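Multiple structures follow.
Here chain A shows up in two complexes: once beside chain B, once beside chain C.
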Partner chain A sequence: MLNITEKILARASGKSKVSPGDVVFVNVDKVMVHDVSGPGVIAVFEKLRKSGMKIEKLWDPDKVWVAEDHFVPAADKISAQNVVLLTNFTKQFGIKKHFKYGMGQYGICHTLSHEEAMVLPGEVYVGGDSHTNTTGALGAFAAGLGHTDVAYVMLNGKIWFKIPETLYFKLNGKLPDYVMAKDFILKIIGDIGTDGAAYNTMQFGGTGISEMSVEERLTLTNMSTEAGAKSGIIEPDQKLRDYLAARGATKYNEVHGDADAQYKKVYEYEASELEPIVAKPFSPENTVVARELSSIDLDKAYIGSCTGAKLEDLRAVAKILKGRTVKIRTEILPAAISIFRKAMDEGLLKIFMDAGVVVGPPTCGACCGAHMGVLAKDEVCISTTNRNFPGRMGHIESKTYLASPLVTAASAVTGKITDPRDLK
Partner chain B sequence: MKGSVIKYEQDNIDTDVILPGPYLKIHDYDELAKHAMEGLDKDFHKKVKPGDFIVAGRNFGCGSSREHAPIALSSSGIKAVLALSFARIFYRNAVDGAFLLPIEIDENVYKDISDGDSLEIDTAKNEIKNLTKNKTYKIKPFPDLIGKIIAAGGLFNYKP
Partner chain C sequence: MKPFGIVRSIVTPLDRVNIDTDQIVPKQFLKLIQKSGFGQYLFFDWRYETDGKPKKDFVLNDLQYKNSKILLVRDNFGCGSSREHAVWALQDYGFQVIVSTSFADIFYSNCFKNGVLPIRVNEQTLQKLFSTKSEIEVDLERQIIWVNAITIPFDIEAHWKKVLLEGLDDIAVTLKHEDKILKYEKAQENSKFRIS
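The block that comes next holds the complex of A and B.
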């Protein structure tokens, strides 16, 4: 009677059964930091050393991996120094998996987690970033933690969790043309609110999820964070096995929920009733159908991030931009170098450049308003990213509308928020 | 703990306004304090005094996992945040790093406390005294493990 999350956490805490509300220490299989949380963990280590603790080795350097994504290419001197700090850290502790900017494969940590099969079904994965939830689409328990907690995991290999209750989101039927996973998750967040899944797990299932590609599923688990969820998860199936096999991963212990698994609540959605959705400033829960916003003038379209710059996102954008030109400033930043290369091999980059778009290197930069194309005062942006809080993508008085890659691309063409079904 | 209240009558105060993205590259605790609450209240660093409390609505600290958020508040002198509810990562960062106390209050207490009120918080007795209004509010005790981690002075000092 256990669901997949309870089974994974029971196994990882050495118990035969766990129930929602139990607080347990769980053994962690993989832990990740990037160029923001890594230096944060280093600062925690420094604090511990000052208090007299000896830190000479990590619990298991082979289970730790590192990404450079938030402030690369180095935004300024401090960011450049943070990457040096991170590099020294991985050398000092013998961490082998460090995806370095400018040395082959690198990209946004959550994208690497699936592109490089860094995490496998049935595992417990924690990362120093709130969107660590993304990786739950691989059938793993994946949750974000802060610096102190990640430092604790790196030294002890375990961390406490309260066993979450699970909200089950069932999608019946295949999504219609021009409707993407992003529209479905925005619809859900609009319905339940930004704390609608607080402390809970969001599990996605049903025929609509079986029909959905692995990359699209990752958009759902990614934005479970925006509903306040501890984790998002999808049970493994043949599509996932094929996806992982294509990335060299064939050996793992899949976990599935029992047939009589318990859920706190089941929400059902009919795919045929879903439409392109947009979240207005300043919250992901502030959703309306795209057509209601057709009078909104835009200054910029942004296609990037762990949420909206996977290969299929770029293919969707190319479908719209092919043979058209953009009317507003438009940037496309593939989420990892491997995706950048595939986009090149498939001819997508040519379509983008012919449309007048700037194509840039993978980075979290503009998504979190840090660098690489932030917004000016009063500027209005449509974006494939996951957050639109005040100041999130630049000036505190700028505005961001969150949308699917198709809606964002269609809006780039017209300069106004546009439902792709209405594009001439 | 005695201090005065800085109240934000607002839900969903997210980590992007508590400590905006451009400062994520900073890991110096005092430097972070200068930018605390910058996305919501430009004058925060001028008005905050050591020992102060923040009072806010639902889902305080939602958004990113940045530990910079509780660090910036704690380095500014904030000893506790009293909110209707907390986002999970902010809550555990505050407790595990021993930066400040995240205290859940109910709707009546939230409405009753005003900006500038002087409070005395006693977690051993599970109560808050409002010295300005001469009232006492009951609060829920911390869940078992959370209470133990707080008593130990953070996760690294806690022995399971």
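The block that comes next holds the complex of A and C.
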């Protein structure tokens, strides 16, 4: 009767059965903050201290982990100070997993969640960031929270959730060449709208998902946030087990939905009918097929972020850029140092540099328009990222088109929005 | 938090859909870590020219709305980034009530953590509110909006209503029961049915 999300939340709340709409108090397995939500949580703690509360220890420092991603490399004095604040915080409370910029592995928090297997199948994971949904591709319940809620979890290890209804997206058949998970999720968001999954879980399944790599699946759950979803999730399978085993994680309690699991609605897609899709400014739901936009001139191509700078994204970009050069300003920022290193070992960085691209350190910087290459007024960018709201990547009058790594790379080569199938 | 009382004010009509949290507080202000003072950055890019002068055509710069405590917006308000700064800014600016047809999930929850009441109404009611120039009254206790002598009921989850009416702070409430929680956890540890 129960689907995977209901089963995880039932187990975490000590119940044998839950139904959508039930409010349950669940035990959290992992909680994450980064250099924006971390200082936010610290501010909440400060306020509580001022009201007379003693905060000397966290519920379980081993279940809290920290990433530096939004404002690293330090964008300015304040962001440098925030990293110091975060460092003092992790020292004070004995948090061991703090991925520090400039000290080996670090990167975008959502990327670390899977690269480092910080979260495991069947777990309840919350983070101080809306794209926490990403990690649901590991068969976990993963949801973003505000600062106050994260502070609460850090102190109590528990949080209230209303059991969400689940929308099931079934992909039949293998995606065609040149069509990526990004195209599929943009297609879905275009169909259901940016609030089409509000307070629902988006579950992805079907033969198309079985065929898909774990990294590609992460793009789907990542962008479930853009449809307003509470969480995104994919059931564990052998591909996931192998992926996690390669990262040293073999012990966990997988959860699977019952054969007769209930869903609010089932959407079916035929993989063979999907094409490269682009979301026009200023909303991820504003989608058209890439070919319709072939007259759009671009100033920049951006390959980065938790959505579009995993190793396979970079491989896809390299496939296009090999032996070609870029016509517009193009930046590639691997989403974590481990990915950067693999890209180097595989020779991808050489292909990028030969193409004239600048390769930069992992950061959320330009994706959220904070620093590290923001857009000027009227500039037009094509990007592998997940949001294109007004001003998202820089000036309020700049424009961002969201696309797959393949479309973005092909567009970098021509300087116009380009379907990779049309690249000569 | 202060207990939430009756709010009476004219409404600020911000007639846009899908307002994301980056429009509410642009990213450049996320580095600031104090919880107060964010009101000055509210809708920053819509509110100010690049030289810092107020934009004449933006509703918050219209003096008639200067002391408004109620913000009217369209569908899917607060989508995008989970930044709680967005609610901090709205609250610090003086908005106590936000009325829309729908809110993004994390934003909706963040409101209650900071003493702001988000009210979901149907399209027809929202339209009525957009067209009113007079003061309206929001009575959370009775769950009604009073506009031009007409009362419009609204729904709210009982838990959230209690939190606002009593000015409860989630964390403070739980920690008041710390003794009981610790006792329970101790019992759990000794139980073979421990949920891990």
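In this section, the second predicted complex is superposed on the first by the 424 of 424 C-alpha atoms of A that agree within 3 Å, B and C clash if a C-alpha of one lies under 4 Å from a C-alpha of the other, contacts with A are read in each partner's own complex, and residues count from 1 in each chain.
Quick note on the criterion: a contact is a pair of C-beta atoms (placed from the backbone, for glycine too) under 8 Å apart; a residue touches a chain by one contact, two chains touch by 3 or more.
Here the structure is a predicted model, which is why all the values come from computation and not from measurement.
Fit or clash for chain B plus chain C once both are placed on chain A?
These partners clash in the superposed model.
State whether A:N27 touches chain B only (first), chain C only (second), both chains, or neither.
Second partner only, chain C.
According to the stated criteria, A:R11 is in contact with first (chain B), second (chain C), both, or neither; which is it?
Second partner only.
Would you mind listing the overlap between the chain B footprint and the chain C footprint on chain A?
Correct list for chain A: 23, 36-37, 39-40, 42-44, 48, 53, 70-71, 75-76, 78-79, 82, 128-130, 132, 144-149, 151-152, 194-195, 198-199, 228, 230, 283, 368-370, 387, 389-392, 396.
Touching chain C in the complex: which residues of chain A?
11-12, 14, 23, 27, 36-37, 39-40, 42-44, 46-48, 51, 53, 70-71, 75-76, 78-79, 82, 85, 128-130, 132, 144-149, 151-152, 155-156, 194-195, 198-199, 228, 230, 283, 368-370, 387, 389-392, 396
Once bound in the complex, which stretches of chain C touch chain A?
18, 20, 22-23, 26-28, 30-35, 45, 75-76, 79-85, 87, 102, 104-107, 109-110, 113-114, 159, 169-172, 174-175, 181, 195
Spell out the part of chain B that touches chain A in their complex, as residue ranges.
12, 14, 16-17, 20-22, 24-27, 39-40, 58-59, 62-68, 70, 85, 87-89, 92-93, 96-97, 143-145, 154-156, 160
Which stretch or stretches of chain A touch chain B in the complex?
Residue positions touching the partner: 23, 25, 36-37, 39-40, 42-44, 48, 53, 70-71, 75-76, 78-79, 82, 128-130, 132, 144-149, 151-152, 160, 162, 194-195, 198-199, 228, 230, 283, 368-371, 387, 389-392, 396.
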